[in-house]
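One chain, subunit A, appears in both complexes that follow, with subunit B as partner in the first and subunit C in the second.
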Partner chain A sequence: MRLMKTSESYIFPYVDIVPQLIANSVIAGAIYALIALGFNLIYGTTKFFNLAHGAVAACGAYTVFAILKIFALPVNVVVTCVIGAVVAGSIGYGLDKFVYLPLRKRKASNMVLMVASLGAFTAIQAVIAILFTSQFQALESSGGVSGSVEVYGAIITHTQVVIIACGLAIMAVLGLVAKYTLFGKAVSAIKDDEEVARMVGIDTNKIIGRVFFIGSAIAGVAGILIGFDTGIEPTMGMNLLLKGTIASIIGGVGSLYGGFLGAFVLGFAENFGIWKISGEWKDAIAFVVLIIFLLIRPEGIVKK
Partner chain B sequence: MNILETKNLKKSFGGVHAISDLSISFAKGKLTSVIGPNGSGKTTLVNVLTGMHAITGGAVVVGGKSFHAIRPESLPRLGITRTFQDVRLFEQMTVADNIMVALTARGPLAALLERGSADREERVKAVLEKIGLWEKRRELAYNLSYGQRKLVEIGRVLAMDVDIVLLDEPFAGLFKEMVRVIVGIIGELKAAGKTVLLIEHNMELIRELSDHVIVMDAGGLLAKGKPDEVLARRDVIEAYLGE
Partner chain C sequence: MNTTAKAIIWVVVLGVVAWAGYAMLGAPAEAPVEETVATSTVPVAVEPLKIGFIAPLSGDGASYGEMKRNVVMLAVEEINAAGGVNGRPLEVIYEDGKCSGKDATSAAQKLVNVDKVHFILGGFCSGESLAAIPVAEAGQVLMLSTGSSSPDLTGKSRFFVRDYPSDATQGEVLAKAAAAKGWKKVAMIQEQLDYPLGIFKAFSASFEALGGTVVKEEFPTSATDFRSMLTKLKAAKPDALFLNAQTPASGERVIKQLVDLKWKPKMLVNEAFVGDRATVEKYKDILEGALAAEFAVDPANTKFAALDQAYKAKFGVDMPFKSYGQTVYDGVYMAKEGLMAVGDDGAKLADWFRTVKDWQGASGSITIKPDGDRESGYSGEVVKGGKVEMMAATTATSTPQ
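Let's look at the complex of A and B:
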């Protein structure tokens, strides 16, 4: 490769784009992390791929859209986001209560649960399209933070700063809850051996219900932040789900830290992968990374 | 007084009758050993008593109250706990957390908000010191030796501090020294007035520890009574040794 000389060192050409690529990678990683954290939290306790997770993320975004744009309610944007997250969490909780829990009680296999979640995904996506049309919508002008900052030559919008901060903060809070609270210990116990967890008195169905609420609320936060960053459409959940799932698999399915790490690995792989090629290749790169991990390290980066 | 009974208990897996019409009882504060050849239904009995297998027919009576179905999560409330033939711990949790989590029967909201209280931590410490694993408290259960894993499972039983303890082959695969440690703990459980159901194959230990012996064969009751009387019976020896 041709090198050019600067006053300081020999560096690669187009070096000015590197800070932006790093910033884009971190932003993408933070978004994927928010999806993967909730996804892994739910997978860890239930051991099935909850495909409805992506659609639940979209529910959070559309709740904010409805409050701020359709009804134009005079509600603070932060409060609106909290409402959006709670609605997403409640939908996740409801799915567990009315779909997955009855199936689990009937000893349904994980494959059946996954198919049920695919049905829920399709239904939720259809309802969103019916209520809000299939058109692409922007949340940006509806009260989100505006403006941008420059960090070592990389331009990062304020919304993206919030995305990164939320990704890190939610990971930190989940880590602390897992390590220091009895709720966290109960979740870990269910992850390890649900039957023994029940035997020592943990009401596993209640704990799993709350895990669905928390995981889905986090997905809702991701959906809302993407809405403010790039916009929303009823099908947005599929892409989020795919990226969150890939991040979870390459990081270590069911592992909180693994999903977080996998998300940033995926973010960097995607953004540096399209350095010299079209951005259209991003999804293809994500799947190449997935296949490489499935072939070489199927258990993910964080091995149990 | 009987604290635990089965009345015409049945458990089938498809067409296979693992337990057939079994009516037995366990006296409060006594250690009753359940013995029998492999496949006689001993572990199935413990699994049914602890709700890990659904009851096919009959009932389980706990403290005078009859149950046709038992939910595992209700066991602490019923005052029952158990160990497993193949040790089952929370592998990715520390030794201390394996004990701590057994102290956490509670509402989910309280669980979300509370941290391990000082009292709870004291109880974890007391249990781990009793089983000699205080030094290993920060070790993942996954990394323990087989004997240490057995001890953690016994520690979980001690931490739950319930009235009825079901021990499924607690001595299997252990060195003599470790066997004596667990014999000592079982002795303390008896002294504390706990009702113990022991599944065991070692006749010496059965004679040493048991107040009563129940012999199962082909899912049914073959004999019951004092250890010396039961173990001397010809039909028991034949069933057990296949003579």
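Let's look at the complex of A and C:
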């Protein structure tokens, strides 16, 4: 632990550090939010922890990596990202169709589904490592030089602006879909009670399949953006999943806005937490926050 | 829970265990776990002489481990084509230490207890060597590291020797160079592993003795977000930033966020980072003028030049991490000589290696001291326009220990 004082800024000793810490918190929060949004969407409808979610995010990133770097196809970056999201979505849909759906039909418990998703996670990660090697790769080619904006002395890169914007936009779209479309209503019916939803004529398996596609596509978007921001490696999924899950639990697991809120609480706690203590405690701070919530408010910030 | 569900759980658990085991042993396409190298010139009836190998074949350190495996394959092929060790071909059993103490220990355990080798080429990362030494010691197996440079390994065990110099000299060279620049305060971002920690200890001891101070932030290998640590270090207003990561991969993650934060400090980098010339070239703007210290290569050395050419011819790429490649090559040849001289016996090999004096290899003249360390030092370097150049000799060379 080391306290670092600056000599010049005597009156406002931390004026040079606080804006950047806020920016760092927002960036971290937005990244966690992207993972938590898809994770919560799937959890809300299926009520099991889909651990494969992290690996699906890596799939999106590696699809973009394959298109841009390995085959070096002259495709627009935005189009590539859409392809990456669709691939991730399809993998999520495939997982539901070929692994989770058969298990659900056999009335497997959520524990079984979670263990199956852990298997899927490990398998997907291994396949990525075989195809692309387990080395760290950067999605950006320009040596990390991208444009950035400055807000009150805090630097935020364009990639990070896109991450924050995507987080907000995806949350807004999901909110609107949930409220105003038939699909959204079907999803919330399943959330409340799957049996009853089926009785009133909702094809629950079809809806859950679609939820998997959408949730996984969001994970893919998250993976891609994180890839552009910090780089990719096959094992990136675990760290993302861990933080996304903590964000979901803090915010209220299964709740759309809760996960979003939880992500930012986590981001701020982590980045401001290491202001006065050493940075190696960052992960420890995340888990301390998780334990506090589990003990004091296990239902999360937003009650369902 | 009904029986069907139980059965499913078992199947899934078995599947997970199988996959985890598979993942642990590394991707076969990239890293064959066990590979035998024997050539047709040797009669099949002769039993090969087994030696062990530990290096990271997966994970962030895989780029070193792959290079090491390639150089070992190359050297062993040459040795076997020339008649092997007293007529017996060498057979290498490759194990993945993953640059982690835990994995290196299980690798050593397998090599010592299952494969019954008496000599191990490894570990590569300092953490691998530190963790595996007790296993080798218990089995009276000699470990020869060609890349571990942590000062903590000096005199660690009778069963450990290395033909790569200790970081004590690396830290010292960098501290002197930094002090010569007139820097008083150096901020360090350090990965929480044995190798960077060894450099930190050596660097801060020398730098503080020269009147400087070091402020430090540490990060675990799994970390991907260094922004707030860098923000803190920047606020400490240091004269320079020391990037002290275990691998170029984690170093690159840090440096990318440094660029993102638009902080352009004067820099110091460790050997593991500067050894990856492609990454240095990629971040040449921010690294302009950065100080480094390496156990340098001598292109005029004929053995080194031959190795460099042979590597390119066999694997189709320029040999990466040349300063590590040369000691791997020498390590295999020294092992061959040792095995010929005293036979396949860990204790005898341990004594034999300590008699090595002025042995001429690709990495120059090698002398192994009684404490198991190689006698020689690092030289200071500076990054100019994406290229790594030797520093002026006055402040740059360490005294051989």
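The rule we apply is simple: the second predicted complex is superposed on the first by the 288 of 304 C-alpha atoms of A that agree within 3 Å, B and C clash if a C-alpha of one lies under 4 Å from a C-alpha of the other, contacts with A are read in each partner's own complex, and residues count from 1 in each chain.
The rule is simple: contacts are C-beta pairs under 8 Å (C-beta built on N, C-alpha and C of every residue); 3 or more make two chains touch, one makes a residue touch a chain.
Keep in mind the model is a prediction, meaning the values are calculated, not measured.
Colleague: Which of the two partners, first being subunit B and second being subunit C, lies in contact with A:A186: first, second, both, or neither?
Modeller: The answer is first: A:A186 touches subunit B but not subunit C.
Colleague: Look at A:R198 in the shared chain and tell me whether it touches subunit B only, subunit C only, both, or neither; answer first, second, both or neither.
Modeller: Only subunit B; A:R198 stays clear of subunit C.
Colleague: Check whether A:T230 is in contact with subunit B, with subunit C, with both or with neither, and answer first, second, both or neither.
Modeller: second
Colleague: State whether A:K206 touches subunit B only (first), subunit C only (second), both chains, or neither.
Modeller: First partner only.
Colleague: Can A:V149 be said to touch subunit B (first), subunit C (second), both, or neither?
Modeller: A:V149 sits against neither subunit B nor subunit C.
Colleague: Of the two partners subunit B and subunit C, indicate the one touching more residues belonging to subunit A.
Modeller: C
Colleague: Under the stated touch criterion, which partner chain does A:L73 make contact with: subunit B (first), subunit C (second), both, or neither?
Modeller: neither
Colleague: Counting contacts the way the document defines them, which residues of subunit A are shared by the two interfaces, the one with subunit B and the one with subunit C?
Modeller: Touching subunit B in the first complex and subunit C in the second, no residue of subunit A appears in both lists.
Colleague: Which positions of subunit C touch subunit A when the two form their complex?
Modeller: Residues 1, 4-5, 8-9, 12-13, 15-16, 19-20, 22-23, 27-30, 58-60, 62-63, 192, 215-220, 222-229, 231-232, 234-237, 249-250, 252-253, 255-257, 259-262, 282-285.
Colleague: Spell out the residues on subunit A that touch subunit B in their complex, using ranges where they run on.
Modeller: 177, 180-183, 185-186, 188-189, 191-193, 195-204, 206-207, 210, 304
Colleague: Okay, in this complex, where on subunit B does subunit A touch?
Modeller: The touching residues are 50-52, 71-73, 75-77, 81-82, 84, 88-93, 97, 100-102, 104-106, 108, 111-116, 156, 160.
Colleague: Which bits of subunit A are touching subunit C when the two form their complex?
Modeller: 2, 4, 6-8, 14, 16-17, 20-21, 24-25, 27-28, 31, 103, 106-109, 111-112, 115-116, 118-119, 122-123, 125-126, 129-130, 133-136, 138, 143-146, 148, 155, 157, 160, 226, 230-231, 233, 235-236, 239, 270-271, 274-275, 278-280, 282-283
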